[in-house]
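Notes follow the structure.
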Amino acid sequence: MTRRLVRRAAHGLALLAGVSLLSFVLVELAPGDFFGEMRLDPRMSEATVRLLRERHGLDRPLHERYLRWAGSLLRGELGFSFAYGQPVAPLVWPRARNTLVLTATATALAWSVAVPLGVWWAARRRRAAGHALSALTALLLALPDLVLAFALLLLAVRTGWFPAGGMVSLGHEGMTAAGRLGDVLWHLALPATALVLGVLPVLLRHVRAAVAATLHEPFVLAARAHGVPEGRLLFRHVLPAAANPLVSLFGLSLAGLLSMSLLVEVVMSWPGLGPLMLEAILARDLHLVLGPVLASTLFLVCGNLLADVLLVAADPRIRAEEG
Amino acid sequence: MEAEGPLLRVRGLTKRYARRRGAEPVEALRGVDLTIARGGALALVGQSGSGKSTLARCLARLEEPSAGEVWFEGVDLLALRGRSLRPFRARLQLVLQDSAAALDPRLTAADIVGEPLEVAGRGGRRERRRRALELMESVGIPSAWSARRPRELSGGQRQRLALARALALEPRLLILDEAFTGLDASVQAQIACLLEDLRARHGLTFLYISHDLALVAALADEAAVLYEGRIVEQGTPFRLFAEARHPHTRALAAAATFLPAATEAWP
Amino acid sequence: MPYHSAVAALLEVRDLAVRYHLGSGPPVQALDEVGLDVGDGEAVGLLGESGCGKTTLLLAILGLLPPAARVVRGSVRFRGRDLLGLGERERRAVRGAEVSIVFQDPMLALNPVRRIGWQVAEVVAAHEAWGRSRCREAATGALAAVGFEEPHRVYDAYPHELSGGQRQRVLIAQALVCRPALVLADEPTAALDTTTRAELRTLLAGLQRRLGLAVLLVSHDLASIAALARRAVVMYAGRIVEAGTPAQVFGSPLHPYSRGLVRAFPRPPAAARAALVPIPGAAPDLARLPAGCAFESRCPERVPACALRPPHEVPRPGERLVRCFTYGG
């Protein structure tokens, strides 16, 4: 099992390297650079701009710039931000933490709702409840995440039950530990809800499909024939057997949630990687764009590694194959 | 191609499967020797793990043997590859145990039987359909059922369909790997009669693979016992049953289920 | 009139009729006028081909018929209580503890992602309010009773790590761990090799004797029934057509179908090969049963009366029963 994990980790590292190269090249390919804007300012002479660019190495060939940046990565600085005039790392990590808080909470919440609800849905014999749920998920699925986020924002603004943005209120520093936690949670509520509502329909349908398919297996009839009560049957017998595709889905859902979260952060002013990246893109602040990209990729790789571990733990047949 | 001589001759057939690093390779077949005469019926008797399915698959070239020779109609079968192998695929057909799994559930009965003809490019569409219906009738499935799908047929009917499909390309040798397992006694009897009938009419040769010595006794004149990848004994079913020499043969004979003349009470 | 066994009946099935309503086609008459008894500690064999309704009968006894099936008529009395009238909770209390079942294909009947021991212990946990370790003890005991020499090792194994014969033993362990009075067996050896089959047959016979179990063995293998059962019942197209001891039914069958079945079975090899003798024709479609006897179209002894209405059961000397116009009915 460790061999498998080590292999996966190696894949992850290779993936990070590949992403770094690809994103670097893609962002570079976009016309213009940080100092391009300055040229429009008549007070700045062409010479000054050229000097600035030279100083920051923007006139070097592509591969050289990449290597310099990669070197900076390995030193832990994650490159240099022109707009902020400092290494990228200290800008990115606090934001990354916030994104992690949001995404992790949303993932946990979404799956905690999707699994029991999906199991219940699959086990329903009566049609009415199932149809209602089906319609609801279809509706949520059709609604763009952006619309959901804005709708929730509207709710916050109109009713005042939730804050309209940010992660902390004024005077956050002065609160007690419990108070501070409560404050963050209060701010977390809407962005997390937006994410959960966005991903829930997909998870729900997959859980239901996986469980419904497993319910037809002969061993379920056998367990019933032995007198196992329905509730225990569903959660201790059926669900583990249906878990295989769901664990893979877990890895995929992380990717989806991550990209959705960047969007939701921007709309709801959650201080995560999203707004940082947007700002950096608009300013053509190359390294500040790449930093969050890599941070997101790192989350993804770790998440998938976790999913892999869970898969091996959940299905003994895979364990046997791997040996 | 020889006109005389056995239809199938197997010498020293060996098949090894590699396992995880560090472990010895598994020898599924260890130097199997077999001969089947034209128009004959040989039965291979073995339990699960004896290598019988591996043998069937090697003969049908679904797997490559590790060593040995296979002479089919006087031609070295193992030397053929790719294009040259194709005509021989038609002459050697395999019918497997699980008919439900062997038939494409989306195709109709007529499609299933006609598929080999289509793949081999024999005849136009109308001609193929006519032949497919003819084949279905010859195995006892009414041509009126041509539009039925496998799930609408019983186990015995599916097995007949698989048989009809195997006959489509007019093979010389039919290998039936546990084709009777899971069927009821009367259905087994019906298919056995059908096969005998086909053997008489078309001069087919059969290789029956089974774990049931009792059934084999009713199907074939000659039987070989396969145990751990080797043929340990060979002879007529009667001799194997009455005068078994190898301990495994004796075990098989003891386990074989017949209807005893006088039914005893509990063992 | 149904057959009554000599001892007091543990299980009494009377005039059971079950219909399946599948989609748009006509309903499938899976069982009709089915009556049989299983006495305390008695082994009864139910013989019939695939699709004749044997599995439906077992599921009906356990109350596990799929929603498309409906019990049209009849009763299933176990220790005097009509199982069909029980609520779901009471039925669940009976299943596994008083009446248990051994299914046919052990690879399919076991949960692939759960350990063997856990699956056996679950049966205990469903019926006794014992703690985990006591359930584990009971499960290990059951595994030992079915012939595992190292029950603790098997306890921690997964189904795919065992052979077919071993898995079938696990199914038997599950069926016996709560000491039920009646064990239903649905083709318990069909998925196995001949040698393994013989071992399992001996095991079942031994357990039945030692534990005094009543067994209803459903099989299409005459030899299993001949070896294990004291009474044999033959089923065709959802109806019981003959009943007697195995010696009677297989030695001197009364019903033409039984006769055909016995003839189709392999004989001990003789010097000259004896080909199998089939019954001509095919089993009827249970959705389109004829107005008369279901076997009529294949019967070598049919008379015009056979096509008019189904025959009734007729008792015969020697505690036998047959449903055929040849004997009245």
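Letters A, B and C mark the chains as written, and numbering starts fresh at 1 in each.
Here is the rule we use: a contact is a pair of C-beta atoms (placed from the backbone, for glycine too) under 8 Å apart; a residue touches a chain by one contact, two chains touch by 3 or more.
The shown structure was predicted, so the numbers you read here are calculated from the model rather than taken from an experiment.
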{"item": "Touch-based graph of the chains, sorted into line, ring, star, complete or other", "value": "line"}
{"item": "Chain pair that, of all pairs, has the most C-beta pairs in contact", "value": "B-C"}
{"item": "Separation of chain A from chain B, taking each centre as the mean of its C-alpha atoms, in whole Å", "value": "55"}
{"item": "Whole-Å gap separating chain B and chain C, where each centre is the average of the chain's CA atoms", "value": "31"}
{"item": "Residue numbers of chain B (touch at least two other chains)", "value": "none"}
{"item": "Complex contact set, residues of chain C against chain A", "value": "62, 64, 67, 92-97, 100-101, 103, 105, 108-114, 122-123, 126-127, 158, 160-161, 171, 174-175"}
{"item": "Chain C contact footprint on chain B (complex, rising order)", "value": "47-48, 154-157, 182, 184-190, 192-193, 196, 211-215, 217-218, 220-221, 236-238, 241-242, 251-252, 254-260, 262-263, 265-267"}
{"item": "Complex contacts: residues of chain C adjacent to chain B", "value": "49-51, 163-164, 190-191, 193-198, 201-202, 205, 209, 220-224, 226-228, 230, 246-247, 250-251, 260-262, 264-271, 273-279, 282-283"}
{"item": "In the complex, chain A residues that touch chain C", "value": "125, 217-219, 221-229, 232, 236-237, 240-241, 243, 314-317, 320"}
